[in-house]
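Structures follow.
Below are two complexes that have chain A in common, paired first with chain B and then with chain C.
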Partner chain A sequence: MKSMLGKRALSSFVSLFVLIVLVFFLSRLTGDPAALYLPVDASEEMRHNFREIHGLNDPLMVQFGRYMADLARLDFGDSLRKARPALDVVLEAFIWTLWLALVTMALVAVAAIVVGSIAAFHVGRPFDRFASVLSLIGASAPDFWVAIVGIVIFAVNLGWLPTSGTGTVWHWILPIAVLFIRPFGLILQVVRGAMITALGSAYVKTARAKGVRNRPIIFVHTLRNAMLPVITVIGDQAAALLNGAVVVETIFGFPGVGKLMIDSILQRDFNVILASIMVTAIAIFIMNILIDIAYALLDPRIRA
Partner chain B sequence: MADHLLEVRNLSVRFHTTGGVVNAVNGISWHLDRGETLGILGESGSGKSVSAAAIMNLIDRPPGEITSGQILFDGQDLLQASEEERRRLNGKRISMIFQDPLSHLNPVYPVGWQIAETALAHGVAKAEAYARALDLIERVGIPDPKGAMRKYPHQFSGGQRQRLMIAMALVQKPDILIADEPTTALDVTVQADVLSLLEELQEETGMGLLLITHDLGVVAEACDRAVVMEGGRIVESGTPRGLYHNAQHPYTRKLLAAAPGRGEMREPESGRTPILQVRGLRKSYGGFEALKAVDFDLHAGETLAIVGESGSGKSTIARLILRLEEADAGSVKWKGEDVLTKSRRQMGGLRRQLQMVFQDPTQSLNPHMSVYDIISEAWVIHPDILPKAQWPTRVAELLEQVGLKPEHTQRYPHQFSGGQRQRIAIARALALEPDLIICDEAVSALDVSIQAQVIALLGELRDRLGIAFIFIAHDLPVVRDFADRVLVMQRGRVVEQGSVRQIFESPHEPYTQRLLAAGLDADPDVQAERRAARRQLARAIGQMADIVQ
Partner chain C sequence: MSRSMLLGSLFAAAGALTPAFAQDASVTVVLAEEPDLVEPCMATRSNIGRIVLGNISETLTELDVRGGEGLKPRLAESWELVDDGTWRFHLRQGVTFSDGSAFDAEDVKHSFERAGSDQITCEISRYYEGIEITPTVVDAHTIDFTAEPAQPILPLLLSLLTIVPSETPIEFTREPVGTGPYVMTDWTPGQSITLERRGDYWGEQPEVARATYVFRADPSVRAAMVAAGEADIAPSISAIDATTDMDVAYPNSETTYLRIDHSVPPLNDKRVREALNLAIDRDAFIGTVLAAGTEIAVAIVPPTTLGWNGDIEPWGYDPERAKALLAEAKADGVPVDAEILLVGRTANFPGATETFEAIQSMLSEVGFNVRLQMVEVAEHEQYYSKPYVQTQPILVGAQHDNSRGDPVFSMYFKYHSEGRQSGIADARVDELIEAATAATGEKREALWRELFAYLHDEVIADVLLFHMVGHARVGERVDFTPTIATNSQLQLAEIGLK
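So, the complex of A and B:
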């Protein structure tokens, strides 16, 4: 287990480095920040000074070396836009996204597992058909459309919920509801499929021959076996949310890391782009480790 | 008052499948009394397991449908009972164990809990349930019972897993134990142990035992009475002795005739030149030594059987010779050339002469290729064997040679039965005109009557084409009928080798003797003798243990 974690950490470190290199050079292709931050009629001298202050006049390789040297001291540089340490800016936004992702995925996991398990036990019956149709709609509905329709109905027409922003619990409901739909549909399908396979397995036959009741057969015998593929997909979907639900965060004016990334790209705020990508990458790395641990906890054959 | 503990009357079950309605059993009747062992003997597809599934309420409806009959347990018709009533009987008064204990045990829970669960499901308090589980684990002979409680199924051997299944079934001291092919996946020595454990437990508890099996030997060893099933009907019933000596129905006679181990033993011809010389062959996986310096010769046109229990290294030898895996040390000389030092390209040419037939034709044939493609693929890889224009005729010839019809060429593997699929695998091997065919448990998965046909086919090919065989098997009677010489393996070593006659009639090594004594013979009288010998051996070992203490 420990050596596996070590290997994981090493390979993640390598991919993180490659990611930094790519993002560092690609983001410079978006253009010159001086053109964006200075007035249109700024003189070439002013532009030159701006670049000089922010170290943008040096050759790219020198800039990169400097960035890596700072990074080694955990200095992510300052945000051009906000004139504050880039890492602070990113972490502030990331906390919002983290909560949004955690609450959404927790709800999704519970709902999908319960509904999917019951559907699998009643394969082909009305409940299963209903759940399948629901999940198909959920998995294929475009979230920007759902978000806008949700705002129109619940915020504009009915006036029950705020249209956007943060502040109260009510502000969270629409974004979570919109983010919920797609992973719910997807994970429900995976749970259902895995449960159908597990329910058809030989050890379920044994349990029935032992006189075990239906409920423990579903929730004790099969669910734990069926969870392995499900956890993989949950991790996948959680990673997508951690990356920032760009569309949803933008529509609801939610100050998360997805919105921050888009904004910083538009604003050529290179340090913030890099810092937010690293923070989310590390978060995803930690989540993958958690999934590996969950795997080992669920399946004794992996522990050995 | 009920006449019998369990009585199945006129039971008919059918299944609705995409291919139409399949009548699995048709009006079968049998009964079982306390303390008695009834065998249901049949080949695959005979419906021998269906009545057990009906008793345990394990038939899914749909697709299954019980169209007629009664299952009387203590006078109560189970088919009229509610789901909850039947659940209360399962595991408490009627228990069941299955063929493949690894897949029938839940992989993610400790076995102690799984055994205790049988009691927990019937309302026994937790502490009491675990105490019973511990008792039974000890009773079925698992070492370190306390530690075993916390272990998982994959940490036990196949035989131990079946013992754990038995413990699980007996927690609530049921009146009836149904055992569906309980020893089929086990080694012969382990099979004998498990059967005698079942017998001991039956003597202790007085339960009725229903043994479902395809193996005449199991019936001869363990049953008081048996019914023979074919195509969903009971064709004959009686005592094992009566069935063996006085079979009335042609199907029973056919089964008895197909039982291996009856034919003339072959004598190896002397003075032939060795075509394959294996010296000092070694292979380790991690810390596990699978092969410890194996030496043997194979002569042209000879059949060498390699026998031994699982894990003895038999299949490893085959994989190393064919370079499907690389050996750690040693040499394999094929017609004087060392196979192990050949390059990949040279090996390709050599593989033509060395072919292999695997145990499970369902897995070794590509399901998306037609029979024509499967057989002719060999000529695509080795284009010098046959010009393309002749492929169709040659495929047809090969199919006829293995007893299939030329018009089968455009069919796919799933359209054939297990025995036919194995014939296709043999035709595929023959397409390259090899000098040696390695059969790795090639007939183990087949029904007895099919097995006899495939063995006859291989024998015919050997005599007609002069092909040499390495025949890897755990089934000794088959080896006795088919091989010239035998290599007995134990834990990666050759413990004894010799002619078939020498190994079967005067084995020198205790291990070989034990292997032979553990084999099950279809003749109940032979089996009774072997049982007595086995018990004497066990008593002697017990006395020796006492003296040592």
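So, the complex of A and C:
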């Protein structure tokens, strides 16, 4: 298992380097930040001066060399717009995204596994039908719409929750509820499918024949076998959340990394783009390694 | 199902707890975007100015946007012309900065020099470009500004210069210090900015003791926040949401137009430009795609600007005449069939895409061959500013904001042959702009009037479309009327509490 993790870390590191090179050059192809930072009627002299201050007049290779040299000292450069270290800006936002993703995925995983297992156990019965319809509706509802409707109902009309923002635990409920819906629907379907297959297998019949009751059959025998595909999908969905929930962050004024990334791309704030991509990439690599470990724990065949 | 049960119980629990709303003399203002900096020298950028101008930082002079008083004293008590190029400002005494230091002429000098420093890119400095201005301290409370060439509107230009203490380092600050009635006490990036009233402000104490700014990109959420009582003022909400009696429409000082590059045929032909103007049914937009209250423009600056010419007749909607003009031009060999690219900016204003689509179809109806391309802001900039893309005739749909009271802030850039966004090169226009810029009083007004008429009727410089309106939602607790300047500044002192 150690050698597997070592290989994983090495390939992650190579991917990260390729990512940095690609993003560095591609983002610089998209346009001149001076044109966006300065007012439209600024003179060429002001523009030149701006580029000079921020080292944008140098050849691209020189800029890249300087960036990598700074990076080796863990200096991610300053944000062009905010005039402070890009890494500070990104980490500040990433913490919010990380919490949002963790809480949402924890709730989703528990809810989807429980509901999915019960549905699989009662295939074709009303509970199963109801769960399926609900999850399909959830998986196909556009999140911006759900978010706005949620605000209108629960904040404006009922006055139970704050519309948006951060501050109290109440502020987290609507964003998490909106983020919950889609992965819940998806993971529930995967759990249900995997469980139906597992429940139909020979060892379940044997267990039943021995008189084992329903609860242990679900939670001891079948769930562990059905978990492998489920973990893959959970990882996939968690990665999407770690990249930032742009729509939810924008609507709820949640200071996460998704909106930061979009804003920094629109403003050509190169150092923030690069820092946020690196931070989220590293988080996703770490998560993938955790998933590999989970696989290994669940399935002895992988541990080799 | 477990989800709905879980949420249901959470909501029920939440119902027992009402969120603590702003109370007493506090107000909450919800803005569309958080400023990247709260830097006084960047206050001409609207998202920064709304927080800084008149609240944290003050200027020597101030333009009266509520009444008709014109330029009013603020940190300067009075000013006069000493000789041709020199203005003398007499500064208010007994004024202190929020850090406790006293305000004097050295602060003014430092503020001016800092704003123009080439070590930082302060936006204000662009207004002083091409003018050699030298501040000279006469005594602690008197300062001279000498301008070369002479600047008759120097006192107006100084309404943009925010004053910082002379100890302020050149680099951008994150802790702004000013002489204004408020001081910034908290800034949590991504969440909120808080200003609190100073006890030692030199002027009248404003009613609002504390203001919290929060930021929501979505206009419906901004409107919902005021409706739910979480915010008191949302200066900009979408027209679609502006349906309650809390909502007010106000001219937002933006003017929409199509910029024409006159150097590329067929747009170099005046008949073709007239046909463009006649083909668009401007009335049809108002109250449909654009909000009711939108006005048809005859100049690139709003009617509250000096020299605005009310005698100019807007171009009517006359597709038959437009077709005839095109036929006439075609007969003379003008390539009127050439494909014209219409460039619009997505989300430039609410309904931008629909507006440009309608314009495209109206132009096509009279026989123009128009292709519409909606682009994002950075790409738009490549079409909007020189050097122009000239691979084909191009119309650039754009918005221009001038709430500063004088056309000088617009006309050079938009119409002088050297202007960065000018589509024309007309000797008479250049002369008029230069003469008006150097003139004062009635003569200045008359020259601007003449220029507006000449551009609209004789040159047919562009396709002027609309003076836009914005919508604000103001909660029941506060008393606030937005003005044409609300886009660029929002003085808390102008907010009353009920």
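As a convention for this text, the second predicted complex is superposed on the first by the 303 of 304 C-alpha atoms of A that agree within 3 Å, B and C clash if a C-alpha of one lies under 4 Å from a C-alpha of the other, contacts with A are read in each partner's own complex, and residues count from 1 in each chain.
Here, a residue touches a chain if its C-beta (ideal position, glycine included) is under 8 Å from a C-beta of that chain, and two chains touch if they have at least 3 such contacts.
Bear in mind the structure is a predicted one, so any value in this text is a computation, not a measurement.
Per the definitions stated earlier, placing chain B and chain C onto a shared chain A by superposition produces no clash, and the two fit side by side. In the superposed model, A:R301 makes contact with chain B only, not with chain C. In the superposition on chain A, contact is made by A:R268 with chain C only, not with chain B.
In the superposition on chain A, A:T206 makes contact with chain B only, while chain C stays out of contact range.
Annotation for chain A, partner touching more residues between chain B and chain C: C.
Taking every C-alpha of chain B against every C-alpha of chain C after the fit on chain A, the minimum distance is 26 Å.
On the side of chain A, the complex with chain B involves touching residues 201-203, 205-213, 216, 221, 224-225, 298-301, 304. Within the complex, the chain B residues that touch chain A are 56-58, 87-92, 95-96, 98, 100, 103-109, 117-118, 121-122, 152, 154, 165, 168-169.
Touching chain C in their complex are the following residues of chain A: 30-31, 35-43, 46, 49-50, 53, 79, 81-84, 89, 92-93, 96, 107, 111, 114-115, 127, 130-131, 134, 148, 151-152, 154-156, 158-166, 168, 170, 173, 177, 180, 184, 250-253, 255, 259-260, 266, 268.
Listed in rising order, the residues of chain C touching chain A in the complex are 1-3, 6-7, 10-11, 14-15, 17-19, 36-37, 44-45, 118-121, 123, 125-126, 129, 171-172, 174, 189-191, 214-218, 220-221, 224-225, 227-228, 230, 376-379, 381-382, 384-385, 413, 419-421.
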